[in-house]
Amino acid sequence: MDYQSILREIESEVRDEPKWGKVASYIPELGNIDPNKLGMHLCCFEKGQYAFGDSEERFSIQSISKVFSLTMAINLIGTEVWQRVDVEPSGDPFNSLVLLENENGIPRNPLINSGALVIADILVSNLEDPKKDFLNFVRKIAGRDDIQYNEKVAQSEKEWGFRNAALINLMKSFGNIHADIEEVLDFYFHQCALELSCSELANTFLLYANHGKIFDTGEEILTTSQTKRLNAVMLTCGFYDEAGEFSFRVGLPGKSGVGGGIAAIYPGNFSVAVWSPRLNKKGNSALGMLALELLTTKTGLSIF
Amino acid sequence: MDYQSILREIESEVRDEPKWGKVASYIPELGNIDPNKLGMHLCCFEKGQYAFGDSEERFSIQSISKVFSLTMAINLIGTEVWQRVDVEPSGDPFNSLVLLENENGIPRNPLINSGALVIADILVSNLEDPKKDFLNFVRKIAGRDDIQYNEKVAQSEKEWGFRNAALINLMKSFGNIHADIEEVLDFYFHQCALELSCSELANTFLLYANHGKIFDTGEEILTTSQTKRLNAVMLTCGFYDEAGEFSFRVGLPGKSGVGGGIAAIYPGNFSVAVWSPRLNKKGNSALGMLALELLTTKTGLSIF
Amino acid sequence: MDYQSILREIESEVRDEPKWGKVASYIPELGNIDPNKLGMHLCCFEKGQYAFGDSEERFSIQSISKVFSLTMAINLIGTEVWQRVDVEPSGDPFNSLVLLENENGIPRNPLINSGALVIADILVSNLEDPKKDFLNFVRKIAGRDDIQYNEKVAQSEKEWGFRNAALINLMKSFGNIHADIEEVLDFYFHQCALELSCSELANTFLLYANHGKIFDTGEEILTTSQTKRLNAVMLTCGFYDEAGEFSFRVGLPGKSGVGGGIAAIYPGNFSVAVWSPRLNKKGNSALGMLALELLTTKTGLSIF
Amino acid sequence: MDYQSILREIESEVRDEPKWGKVASYIPELGNIDPNKLGMHLCCFEKGQYAFGDSEERFSIQSISKVFSLTMAINLIGTEVWQRVDVEPSGDPFNSLVLLENENGIPRNPLINSGALVIADILVSNLEDPKKDFLNFVRKIAGRDDIQYNEKVAQSEKEWGFRNAALINLMKSFGNIHADIEEVLDFYFHQCALELSCSELANTFLLYANHGKIFDTGEEILTTSQTKRLNAVMLTCGFYDEAGEFSFRVGLPGKSGVGGGIAAIYPGNFSVAVWSPRLNKKGNSALGMLALELLTTKTGLSIF
């Protein structure tokens, strides 16, 4: 069956699902989103691009941005990154603070909040104009010059960011934050407020399916080895404490965000992004996970 | 045996102890203290005052101040205090953050850092000029007009207070901090930087041995019932995760501070304060605990 | 007001309370008890004995027996006991297994299940005929020759004792259980199945109010110092994770059991036992705690 | 470069490594093994079999057997397995008991001890002659009729199995163990005492690289979908709390055992087994992990 037919089937099956799950509401700006938005975009190496629904509408990518900041940090300082964060699944939604206490301020992995704050600290410490430089970096791998931070979302995150402030202060007490706390938080809240569409996300994630090279230009951002390792981290750590479940059901490295987006890849084959704002209890897009599970089931394409 | 002889024996036995334990060094201002300082002061209801050593020298009372802020909070808002903090021992030195996460931002008790921050929040929210009003309150129950905050210590605490900043931000994320975080921290760091001598501490603690009334003036600060409850909290929670050990060895309600001070009381009988800056692994004055154990052993006076 | 009037008032107020709380049902034998049973017995050093309700009816004392086994262990091997268990509050109802893992199989204190199993191990290792010898020991301090184990309850505990089996196996893996696991469990399940009335419990607890001497015979079971320490442990650890609350509200050393009994003492003054099978969420008798709070409030007699 | 040369290089580089790590010693039978044993065996779908060192010598496969028991359980009762165990990484070496308490006796995944005990319970409950039937099952997928349990190892495990007894009793208290505890433990200790060589292990694991079909006979043991899910579980959970590290460095689904063995697969391509008894701190074969990392680095073959 061709990909277009498969996506049509997925759309139909997903739209038939009961409407359950809740839009993220911890900041007002996210709570206002239409819960029925649904979009999907697939980029195949050999067979082109396929999409349905709201795949061209930009949304708040939130934690998916952690993959981009990690990419930039590895690009800047290489393996030194792994002296500041570990690569193990965190196992528990609520225990980042617990684990930080037990493990001397070294976050479990770079894709949970504490780890992403350390990565943000690395970028703030190594970039001249962190917010601008990071935005340009994402624009380059996306191949889109008009990607922006949503300033209202960034501001809203800051006003409600007490938990992230707790995390970064705790890590600072262990010496694992080097730059100024306020500056790192400001950078982090902007990073999470990036807006991309499914189409743009899928095309950006082609980098990780393409051994670290930008697909259109061939420019190497990460080495093959760095890319494999980053993909491994996405698989084991990309879905909070539901990484095992995602790996079990979908079988692809990927990353989710509380904005309802998920991006995933099959190395050497394709990248895909999906968006549906209703979240399951673990904070991942309920219909997004289903759409991706249907994709790997119907195509038979998973890394396992 | 008379109290003067008993104190002389205690001094002699304590001075013969090997010099072990370390002065608190998490802020430079505390690390500079002479580790060999040693003082003790006993106030008996019926038999007067007894002392030895550096009992008239002021030192940083640190966490002992939590008893005074709790007293003022109960004095201001009564039983409402107990809707914001619990009265259970914390059980673990390192788990304040853990417990806060598991218990929705309600600290285990008002005598650990998280609980004392909530008490500080209550004072900041209810006082016109919090730092000044609290200082006057302590001066009143101490009967000493010249008690002061050590501004250098307060400043040093602030510069190294990342862990307290983590605690207060986490509680704010649960809605259990109402005032401005910076203002509460500033108040808290000043509160901890109060300086009193053993003589002054013992006389201030007479309040708790005297059913809540200032001994010299008879002014009621707490009711008898409020005092009993506060004393119970001191006994079960006053020594971090060594409350059981202190109760077991000494058998008196009390509170310790990382400055090396301990104050304790025997309701209806006496109050006592001791100072020796070397701390055991649990953060309590090693020789201070010994001196108090000798006191209750030699006098036979303990609440059990 | 005389004690008889006070007890009459307590009975009246307690009987007026709404009927809430649940009878322990983890073993069928306990679940069959009449939830409305209510009895109280007070033994005053100078003023005799006072009682109301079902104070002469025997019930399953369950964890209150931990005080007796601890007493016998101290009587047998003295301070060595404290090398096998600590004296700190456990802080958490569910974490005995957690704490055992983190603390190398040393229980937090002898009054939680893990600690009482270690004490049982000490008795089994040091007594010729452990069940018989322990029964005789309790009979002696109770001054009653007909106290018995309820064999049906002991049997029922054994059949449902998987959690205790988990605890003892874990401690054995750390080397803190010396005797045979099955024998220790059998002893422990019998110990918990002891049956005493409020009247008998209060008279037995006179020992702890009387500095370790049996009140009627003057025989010394514990030294004054040992008694003080045991009383301190009761205060900080006698009520699971509600020790702080009990100390706060009642202010007496004591011990509760899931059979609905509570025994408490005021050193040098009185001992008291109360029985009401409905338990609060923390596993302590709801009305029993209220009755004791009323007693210390109305008499003004608490250790604080 | 051909596989034979690559294996020769791996052997040479691994033999040059400093000798570090310790042989498992928690039971005497395992502690007696020669720490310098080293073997590797690779089965490629298209290019045959390659090996070096002690690849034909049988050793105690220990936890690698968990993959076989899980396979048999899925084969017997299908998706029902996942109602008894979850599929999430455990995150912590020491917390299985903690997690069991917090998660009502449902183990995090079937490849840690608690989960494997539940799987053993499923087998014991569903097989007529559990130990014999399981042995025959392993023999069938291995294509070897003489695979055996080492009875001395099984006996030794039983004698020192207090921690596993703690785990199974705790799960029984939550109702997640149905069969008799002693029978399940006996089965489990035998299962862990299976002995296979690298050559046999690699050939057995071909099943998982071959979509669930026995390579030589074509018999389907698991469906393609079941196999993918089991492979996903191996990747996220197969290496205790080092699953992230193994995925990061090696990038293959696999399973390790404290006997020093590791088996891993690349779906559709190859299976591989390695044996070196010296373990790193996390309990995985130190040189085994290195050998596999060299294999994926030199061949460029990883699932990422």
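Here the chain labels run A, B, C and D in written order, and each chain numbers its own residues starting at 1.
Note that a residue touches a chain if its C-beta (ideal position, glycine included) is under 8 Å from a C-beta of that chain, and two chains touch if they have at least 3 such contacts.
Just so it is clear, the structure is predicted and the values come from calculations on it, not from any experiment.
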item: Pair sharing more residue contacts (C-beta pairs) when A-D is set against A-B; value: A-D
item: Distance between chain centroids, defined by C-alpha means - chain A, chain C (Å); value: 55
item: Inter-centroid spacing, chain D versus chain A (mean Cα positions, whole Å); value: 32
item: Separation of mean Cα positions, chain B and chain A [Å, integer]; value: 47
item: Chain-level touch network, classified as line, ring, star, complete or other; value: ring
item: Touching pairs - complete list by chain label; value: A-B, A-D, B-C, C-D
item: Chain A residues touching chain D - in the complex, by the definition given at the top; value: 86-92, 99, 108-109, 224-225, 227-229, 231-233, 235-237, 241-245, 247-249, 251, 253, 267, 297, 300, 302-304
item: In the complex with chain C, residue positions of chain D that touch it; value: 94-95, 97-98, 101-102, 162-163, 165-167, 169-170, 172-173
